[in-house]
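Dropping the structure in here first, questions after.
For reference, chains read A, B, C and D in written order, and residue numbers begin at 1 within each chain.
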């Protein structure tokens, strides 16, 4: 379709997100050979929100290993990010780690025996290490606003607790959850943090293994099938890359072996994913042939 | 059931499928440079069943273009292949073209103004052309057995008719549907027929464009997110390739730019997908690094 | 509420119902001591539609006895009259005999080994006998119009057939179903036909037992909990009597031991029940104290 | 489990309920002319649990009037007492005041501007007044056990809060809710407390109006259509009286104008209603002809 995309509507359920200028647009691309490109507001920080679920999952798999998959599924949910219906039908086991319920279980694993403060600190250190940037921080204003209005997440967490799929107290788990969702990052920082999913699990600077190649591949697969809630099919259809969106308007996208890309534009489409961000990625992939569904260059 | 449990249980709802020897296993690989490998029962014909939905979709897109997407969605359903629940909640618009309801709408488009016999003939000619093999045939015994027991598909079709999402008479649409699902093909024929999805839409022998590169990419995306019903997420997680399974035990899988692969083993897992076939593909991808979620070779 | 009720909208899905004058209103009351009152258009015939489900259930219980309850439930559905969702979740067993799916199973029992024509004849004779009126007839125009557009009922029937909960061919069962729903009766005839539910099962003129007292009581109970689809609770709340509505705008209501009442007004509320008819019954009960939830007169 | 299966299984989710002797059975009948009959363990106290929802509703209607019905529906839910699915589909409006979600909203109304302690005190005074018995008390052990394990109710409450259908803090509302459900009463006390629903709203001793006749009738109607969760249809079918069950094994049943009846037996059927209690009521009604669906005595 040729017409200019509307920008969609920024999330308005908490004041700090509603206050963001909807005209912002940023993009950053980091390639496998180490080059970085940033455009527009690519160096301005925003609330990464659900994109943090990718990093939380990565850390939690390090803690629990594949045992995690007994508590969270790997299937697209077919429903909205905060739906509770599926939980009732499937005895408190969330469909995948990228819907809210699933990320709450992942956070419960992350928390483990730690104090909430320690768990938040660990997440922060992990993301800083991935991005190679010590300036990344948690926006406490956002975290607190979430905590004050997060009734639906409280419902999800208590519901899973009723089924025995939450070990730590609901308030502590949600405290950590809201904090890692409140990570403030720029497109450049985000694209850098996602590099290990482009490289088969290795840190591109140190060469150290962040996760095994098999695990990196699986996280990419989950991003593709479940990374955009009930709009995941359409993102795969239009863009054709593993991606994870956040309600703050960011999207992290991986071109395995080639690039890690972050875009940001606060306006959301009706499924809660960045409207302009998706459009930009669609265009980029069209130009570059980077879709994983296109023939690989020989 | 006598067979080893790891092979799963063959479909038993119609006699011709139940009668198939569950010990069979076949595989065929056709690569982008034209080489062919076949192993086991790779040259034995079987009922491709739902795999035909890929070819039907391809043809129907040629008829209706992107208008088709006003009548069928592109999202994973989160439910079983023959679920009717989603249709009620979404006014007769099937979630995607690979669940039964979606493939029935696709078949309605295919039928268009033709007589059923002509539409079946067109499908047969199309698949023969794709595979470069005139011996491919429709197994009438299978088609008739489906027609005699297809009450659930009759329910789906009538339900969509009630919402106005079926144009031709239900009996005619289902007649064509059951016939294209009854295509009998070997793994080798199937892998050959799938080559246009490996090549970005071109017939590898003639070089003619079967579909545009964009359309080929999108069909691959749909196969990845929706090709295994409510087991699509797991297939992406374990195998990491666009694939479409059939209840006859076959799976067609595409490695874009690299290979078109067909496997066959009649025993199904609890979600109706070939158990041994999936396992074989998982192993193959592990060895070759062909997952689309792995770094692309530079 | 004091404001004049709007009349609602007549059913428009088939021409013969859409053509009915929406200004019509009729009422008839037959009391236990044999008096009859009729007002407005109380002697004008209309299509009784789903009200026939009460008579069909009564006949089918005579055929199958309490075995019927292994194939149909006795619980309110919580969903619309033509919902198919519940059937999928509960393996083809309809929630109650007054939603469409349930009445189709009841009709299957009624049909038994008969030819469709015989079964329709039996229903007609039964209703004529109950009302003591040989002029009651089936409106073939209505029956035929239903058959031409009844895709949703075809879906329901085929769906239950898939679960083995329909014995006779779908077309035959629906043929009988559409015909008994097409019974044309006046309020007076309908109120007379309902007398056996007022008297504990006896024909008030002959004294013969139509059904046992226990069965009459149970049919009344089902009419109260399930007689108005997903508006049953509200009807009990506002009117407080066992009742069965039809999409033609009729309602049959029973005051056990006291009266059998029929009202008719074609305009429907948003749940498919006669708007003015319900309002009239609410007023009548308010004046008479006939609600079964009011203290019984000593 | 050691007890005879026909008695069902007592609730085991909190220790105080699990510890009750499953062999207990009590019954009490209070008639309109003031006679009282008690049998078995009819004077032994038990946890009335959800039966308190009837008294809470009565009080809340006094506070909010018919405005209450904008926040709670009057339809049977078709689902279990603690289901959350319906809430998602219907924007946080519970189907009726007798499922948990509905009773939580009712409790929110009850709480109003009071302190939780005051609201609990008001409920206690109300029930004591109804029963004419100052010995009725709240079992703090039960209330506390509920609070410690009530994750599913926390989920329901937070979920409704997310939709704006809860005004006071979740913890306070649930605190009051768990306390009024923890009322300890004997069958005799319960039957006495229910008399106002038998008399059209008047206190049988003082003659004072507790609620209007219209409101008493409506509460009875709700008890009939919704008083036994997804077993309400069956209770109406078998017993034919307005009734409200509790997970402690009690049932309060009303014969309008005739009697108020309470039974108690801890063993529950698969839908959470007293098995032996229901059976006893079925027998009683069979002997007395008290079903509201039977002809009224002339």
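We take it that a residue touches a chain if its C-beta (ideal position, glycine included) is under 8 Å from a C-beta of that chain, and two chains touch if they have at least 3 such contacts.
A quick note: this is a predicted structure, and the numbers were derived from the prediction, not measured.
Think of each touching pair as a link: the shortest run of links from chain A to chain C has 2 of them.
Residue numbering shows that chain A and chain D use the same positions for more than half of their mutual interface.
When chain C is fitted to chain D on its Cα atoms, the angle of the rotation, on a 0 to 180 scale and to the nearest 5, is 180 degrees.
Chain centres here are Cα averages; for chain A and chain B they lie 32 Å apart. Here the CA centre of chain A is 46 Å from the CA centre of chain D. If each chain is reduced to the centroid of its CA atoms, chain B and chain D end up 54 Å from each other. In chain B, no residue touches two or more other chains. Which chains touch which is summed up as A-B, A-D, B-C, C-D.
Residues 32, 73-79, 86, 95-96, 198-200, 213, 216-218, 220-222, 224-226, 230-234, 236-237, 240, 242, 255-258, 291-298 of chain C are the ones touching chain D in the complex.
Here chain B touches chain C in the complex through residues 83-85, 87-89, 151-152, 154-159, 161-162, 170, going by the rule given at the top.
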